[in-house]
């Protein structure tokens, strides 16, 4: 079985951002994404999440370049004011054309 | 009810199950209990309350003439503009917050709190008073302008301004407005015959469900209390004194517009209460620099408990006293 | 109710809170609101409706004799086979779908929709009509055969056939059947004395809870509407015309089996409605090549709203008219 | 109710909707159905039941004098110490479990089960019997001591002992205690006037909601049944015989303390039932070496169904018979 | 502390598949798995998930060979007709015998 | 964009442990964490989770050393008696100071 290497971007953000983030990810050209409900704490502490249903965790598997572009977009639009963190990791997939 | 002393009113309010449940929620946080109402159930109950109150208002609205209702609507719109302006100014007397954070506060205090209104409704009803059914219409009307004015005030201080299209869309299509306005329409269309079929659910259960909801809100508010210390006494002063003034404005406006004592008291509650559903979402997205640790703490940690415990009977007493002065019954 | 015109029936139906809430749900999607009933609450309400309707049917069933009920059961079984066959054939007149997708459609239209039935029940009851309590038994009976026939039809076109054991097990042990049949048994065992203790919950609240549920289903259906354009007008024609015929078959069969006008109308509703809980799950697992974008869109985006808004009063009118012709009532 | 035979009582109990729903839950597992009540709804219902039963108990407690209630409280405290000691000893006769696992069992059987109590209350009420309202106070009192005694017994065998501070904090601030005690306080403060406003929710719906809850508990218990085989017949013997004795102790103690027949029956149920909310959490955290496969299987898979199906009418019959012997009515 | 290297298989699929997928994973010999509720979108767009509770995200940590065998199984039985994606990534564990 | 390398610790445990685990993570000095609800099965089979709301999945992104320290802590306090597994994986982040 032929495996292709891809990058996983994992984003955790306050759930009020869900539709905006998804919109921006789609603009950036992600092939797909998966959202799970979450809660947590970071260095910045308390936020609106307290009432409005906590955080969301978004995961998207895609080519490395798009992943880096997404990180830049997040840094520009989200990191400074919103409760939002993100990290990259490596993955392998079959059906590389799908991702 | 005879003209009653403010103390009797306060006690009757304090001993009602919804307020007691709120106190239990506060206490649960104090003793570090892990008690929480699950999030999906909390969401469902808020849908139930919004839709139910909308429908009941709609049924009542159907019997109101435009003649009777236009003046209260105008007064409400005026309150919807003046109260956030007032909050913006008054908050600068008590705190050192910047314009963006004061705009955020203005958006919250200019808008209104469904649950405070609901608790006041239960208070009025269970003490056998009358209030015009179309007060729910005023609730729906008062939701939005305050948020807009608050964002406007903040946007002047914000480089880059505000994405108005997006923000307005989010407020107007948010669940508060959709359910309140939609409920009003359903109630007006179905009328009391249609309502009879759903009365056991949306009517009979209302106070009980509110009790469960206030238990959870007590927990939510209780978790905000430690922040009150951090934000300082200025915010506490603002969060308790401003409602006293806004509530008076609402009561006076209501009486001037010809509302009954009960109706004027409710408009006072609407004016004095600050939003914790629609406004926070709008402000969070439109004004990310504003600190939720300030506006949510003020709205949910200070003003909401204050109104629930002390404000509701007080605004009623305002209405009764003022109403008596001007010769109302 | 006097013999009423179809228009009056339609208006009474349209102005009932459940149908209005459904419309509000459609509207909420149109204005891009993020309103949703949380998934766990949606699941809990569907359990409540299935169990509640089962129990009420069981209480009624207890008072029915086998003599009274065997003919309606036989007729229902016949409908359960004929309707999916009909859907399989008729869908080929209106669309260019392959055999697998038409088999999937057949499974949905051959089975039945609890919520449509429930709304019809509320319609019948709130207009003061009688319907036999054992109609719920017929609902449970009609759930399964249509799915089996639909899968059979599709399996002929599918290389590899269908994992029947697995699929049947999934349908028969699915929550629809377990709760309906289980509820029937509970109701029959507990009788009206036992039911009295749970009546406030399963009886009194029913229409109100249904209203909340239809709000969510309006949202779900509304999200399907954009797909209706993609799937083309042939499917729209099928999804509205086929129920008109199936409903007529159900009403006629019901009257022939000796059901009352209300009962025959309900059997018409059962026949005309298409499943959106049991069938989609079964079809998804057994016929993965069939496109949910077709069968769900037809069932949930076209036929469900159509029946709710126009079909229910129409099938009642069928029953009244046909019943009058043959000298019923 | 006339003095009734134990068989008639058993049948009345078996045919009540809550018990039938429990049986349906067991059955659903047996046929491998995927039916489940969603977790958040399950949590919300348990909050509803705890708070509701607390409030109703508080309303009743308000009318009780200390004189009337102190002796039952003392007896309850004695039972709260003796029953776990008994469970610790008796379990060694039937099983080969080590001291830690027997301590875990003692914590469960020393504490009590809200749902068993609730089902018994419904049983008593629906058969028209009287029971003192302050039995709920006894329920709250019996929750905790048994857990402490059980942990104490186990801790002697555990190197490193137990983190008492943490464990006690977790039990006392757990939702069972907070809601029961908080509910008692709310009920006592609000009184019957305040309760009237929430009666449709916390009163009228109670049995219906319990029915839905027992459906899910039937599923949960059913999933434990395969473990019963693994744990062996000794545990089955313990889980059915021990409650028979503990129930008798509770009934006798209740009658001795001057409770009515209905009240003594309920104290019997409290004594015989074993915890499945508060105790498992406490034991899991304080005694991680104890196997949940043993204590949960015994408590939830054996004793809970046993009490629900056979125990409740039996303990009532105990109370009636014993009460008759000592000349009670 | 001794770390052993393992592979993580992450599968996202429509939730109706849960019991079948778990069954197939157990047949493939996974030492354990963790399921979280999720929703999302992929290249194939809308599916039944819309009504029946969205997606599930399954994660299982196991030896590399089993991971590859699982990908083959998924490719054969799930990828073509169902909404289902999967990817592999690397992990280290203590207690290698547990995984 | 400058990427810094970090380690992700993923912990799956029975949900009754949530507050204890979070407390221990904070003592170990994690810069933040994200919790998602989960359920699953492992080699040890059935547990208390059956009633009390299943498992939780905790993810925390942090420097490698802290990650290893956390694994030791888990091994000492949780692995032997509780349903609890954990694994490490590699990730890259921007804003290294945040993690």
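Order of writing sets the labels: A, B, C, D, E and F. Residues in every chain begin at 1.
Keep in mind that, in the parts below, a contact is a pair of C-beta atoms (placed from the backbone, for glycine too) under 8 Å apart; a residue touches a chain by one contact, two chains touch by 3 or more.
Please read these numbers as outputs of a predicted model, since none were measured by experiment.
The minimum number of touch steps linking chain D to chain E comes to 2. Under half of the residue numbers found at the chain B and chain D interface occur in both copies, marking it as a different-residue contact. The greatest centre-to-centre distance from chain D, using averaged C-alpha positions, is reached by A.
Relative to the C-alpha centre of chain F, the farthest chain centre belongs to C. Set against one another, B-C and D-F show the most C-beta pairs in contact at B-C. If each chain is reduced to the centroid of its CA atoms, chain A and chain E end up 19 Å from each other. Per-chain Cα centroids separate chain A from chain D by 47 Å.
Averaging C-alpha coordinates per chain places the centre of chain C 36 Å away from that of chain E.
Measuring from the averaged C-alpha position of chain B to that of chain F gives a distance of 41 Å.
Within chain B, residues 34, 38-41, 43, 200, 204-205 each touch two or more of the remaining chains. Residue positions 36-37, 89-90 of chain E each touch two or more of the other chains.
Which chains touch which is summed up as A-B, A-E, A-F, B-C, B-D, C-D, C-E, D-F, E-F. On chain A, the positions that touch chain B within their shared complex are 14, 16-17, 20, 45-48, 50-54, 81-82. Residues of chain C touching chain B in their complex: 15-17, 20-21, 24, 27-28, 31-35, 37-41, 122, 126, 200, 204-205, 207-209, 211-212, 215. In the complex of the two chains, the chain E residues touching chain A come out as 10, 12, 36-43, 55, 57, 68, 71-72, 75, 79, 85-90. Taken in their complex, chain A has these residues touching chain E: 1, 3, 6, 8, 31-37, 59, 61, 89-95, 98-99. Within the complex, the chain C residues that touch chain E are 39, 43, 220, 223-224, 227, 276-277, 280-281, 284-285, 288-289, 292-293, 296, 300.
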